[in-house]
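Below you'll find the structure, written out as structure tokens, and then a few comments.
Which chain is which? They are A, B, C, D, E and F, in the order written, and residues in each are numbered from 1.
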Amino acid sequence: MKVAVFRKEHFNAAHRLHNPDWSEEKNTAVFGKCNNPSFHGHNYELIVKVIGEPDPETGYVCDMKILSDLIKEHVSDRFDHKNLNLDVPEFQSLNPTAENIAVVIYNILRDKVDAKLELKIRLYETERNFVEYPA
Amino acid sequence: MKVAVFRKEHFNAAHRLHNPDWSEEKNTAVFGKCNNPSFHGHNYELIVKVIGEPDPETGYVCDMKILSDLIKEHVSDRFDHKNLNLDVPEFQSLNPTAENIAVVIYNILRDKVDAKLELKIRLYETERNFVEYPA
Amino acid sequence: MKVAVFRKEHFNAAHRLHNPDWSEEKNTAVFGKCNNPSFHGHNYELIVKVIGEPDPETGYVCDMKILSDLIKEHVSDRFDHKNLNLDVPEFQSLNPTAENIAVVIYNILRDKVDAKLELKIRLYETERNFVEYPA
Amino acid sequence: MKVAVFRKEHFNAAHRLHNPDWSEEKNTAVFGKCNNPSFHGHNYELIVKVIGEPDPETGYVCDMKILSDLIKEHVSDRFDHKNLNLDVPEFQSLNPTAENIAVVIYNILRDKVDAKLELKIRLYETERNFVEYPA
Amino acid sequence: MKVAVFRKEHFNAAHRLHNPDWSEEKNTAVFGKCNNPSFHGHNYELIVKVIGEPDPETGYVCDMKILSDLIKEHVSDRFDHKNLNLDVPEFQSLNPTAENIAVVIYNILRDKVDAKLELKIRLYETERNFVEYPA
Amino acid sequence: MKVAVFRKEHFNAAHRLHNPDWSEEKNTAVFGKCNNPSFHGHNYELIVKVIGEPDPETGYVCDMKILSDLIKEHVSDRFDHKNLNLDVPEFQSLNPTAENIAVVIYNILRDKVDAKLELKIRLYETERNFVEYPA
């Protein structure tokens, strides 16, 4: 009798899409205006999904206050009002596409959330572009 | 060629999270402000998902008007403007967490919706906290 | 050159609409299911609007962090996860309709926000019912 | 390491639900006001989900600009500000229920999107009625 | 001490923008794809704003249930699942732009709502195009 | 018989709040994490309100397609995927607070929109922080 619970958080960050192994021309051709060297930014909306069996004593799959605090401590507070490329170590050599940000967040939280609970990340870069990992 | 159809309904209710087998201290420690003995409340948003093959004559998996009426009769009208703990028999001895409310709604509707159609419940307690059953 | 700034906060509360000077019949006739003696509840969304001239040194009409903290301290923390009728002194003898809640919030904040700034409250009881004060 | 990416587009169209093999009475009984012979309409919201492995050089499952242009060229531009029954060949003899529209969009895009990428369509007819294909 | 109350309703309708005094060329030039002779359609969201003094006995500016029923009877039920140009008398010789629809709705409701209450109409044709009357 | 029409557009940009006349300490104290020297960013939602009398021949206050193109050419295309501080001349010596961005957008559009039409700008920096000019 597994139930999924979802918690929505957010962070506002600057980023730039860029592959340092490519020429400027190729970067512009592939990433377009997302390659702007002075950066641009987004209000990222993050939804963390956790799947498990509700505890019969609490009726909780997990305590949403604890989940929210975990996300804030390990993700939002580290990404919010930051430049992902310059300020967040995980993206020093990883292109901060929505796909890669979702994978990074999954890996961060996978270590912190009880291993018996399944985990999935949905990340909205804009209202019209979003990603999910694992698919 | 299965298609999923979704219908969104809502109800506004009061509730309190509480485990009568625990001390007041433990209830406060675990449920925090959700344990307030005078209750608090939410605008619950309910999304019922039904999966099946569209009928070739109608192009419908199921008639959304009939599905909506079913949800209203058996869920919304019974839960709306109610105190879940005091007014809804299912929660007399079941803690009305979002997880448990979703399971209760699933069980209510499972009996009413054609057995050949799969069923899934998503319930928003707030815009930031929601659950899905079965996961 | 006046600019309006808006800050959105929320609180989840139980309430009941009731006029103690009326018979039970009249209360039921006028307030319908909102008169349920065991209470029901809502996710209230609160938007506080402040109008003034931006400070030329900061570019701010007012510091939104300070405004947000003010709303949390004096409104959200006092109303959130509460029963408005039982737990909030302002509604001991005032019917907690959306209209009255908005007026109460305005009066609370009017004392805390610099008098040279105009103030307006918008309160969503549900997505479909909301109020504004002053009109 | 598969990631899902989602792109949201929209189109505004008129339609009418009708089965030409049925009597007028049966059409009215089954489709109700959706059978209005002068048509009615909707703001359709379309979410296209594409699943695949991010390209290690770009960090993209697929280029969202290209995906968006594909949806616009083959779906939105053909359906937007159209009468689905009268103007769109796919619905000349297929009832334009949300279910059938989603299947048609899936079939259109399945030919255009790289076969190694999985595809799923979500279509909102209204905020309260929506469908997904494949389920 | 005036308070504004707002009630949101909706209707789904087909329409076409057209000026019968103009040539086909001019109609196409001015109204573009909105001039499609087979019609297109929208999910219209309607917000009715009513301003007045809360009744001291109820705490209501007006009973939202009564306001909602009024809007349903005189607007939503007459416009929903209709072709505005063909099925709604008010638009037989009036172009159903969002501006004109809002004015028509205002005039319908102005006769039904107590004259001592101010009235304003907001109408969303899409999430991105909307109008308000009176301005 | 004036009607207001509204058009919603968006742009995604990086920015930093900073007063060059102040010490680093004062900048940090006043602007907090918004002062991050590597910038952060937002999905800005822009709503342009235009008030006037509908043209009796079209039923339009103004052509929303033309208004949308105007906003795109003079605002969105210049601000989207840009760093407001580094890439947009208007903010070379003006702090890009939401208040100042709204005033800049108003001034840009005031020159382009017919002087007989009133103009108002609403700008969402996040879903919870937004501004309006003129107030």
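Remarks
One rule holds for everything that comes next: a contact is a pair of C-beta atoms (placed from the backbone, for glycine too) under 8 Å apart; a residue touches a chain by one contact, two chains touch by 3 or more.
The model shown is predicted, which means the values in this text are computed figures rather than measured ones.
Steps from chain B to chain F, minimised over paths through touching chains, total 2. In terms of the stated touch criterion, chain D and chain E have no partners in common.
With steps allowed only between chains in touch, the distance from chain A over to chain F comes to 1.
Set against the Cα centre of chain A, the chain with the most distant centre is E. Interface note: chain A and chain D, two copies of one sequence, contact each other through mostly non-matching residue numbers (shared numbers fall below half of all numbers used).
Note on chain placement: the centre of chain C and the centre of chain F lie 28 Å apart, centres being C-alpha means. Averaged C-alpha coordinates put the centre of chain C at 41 Å from the centre of chain D. The residues of chain B that reach two or more other chains are 127, listed in rising order.
If you check each pair of chains against the touch rule, the ones that pass are A-B, A-D, A-F, B-C, B-D, C-E, C-F, D-E, E-F.
Of all residues in chain D, only 10, 12-15, 33-34, 36, 38-43, 80-83, 86-87, 126-127 touch chain E in the complex they form.
Remark: chain E residues 17, 19, 21-22, 30-32, 94-100, 102-103, 127-135 touch chain F in the complex.
Chain F contributes residues 1-9, 51-52, 54, 57-61, 63-65, 118 to its touches with chain E in the complex.
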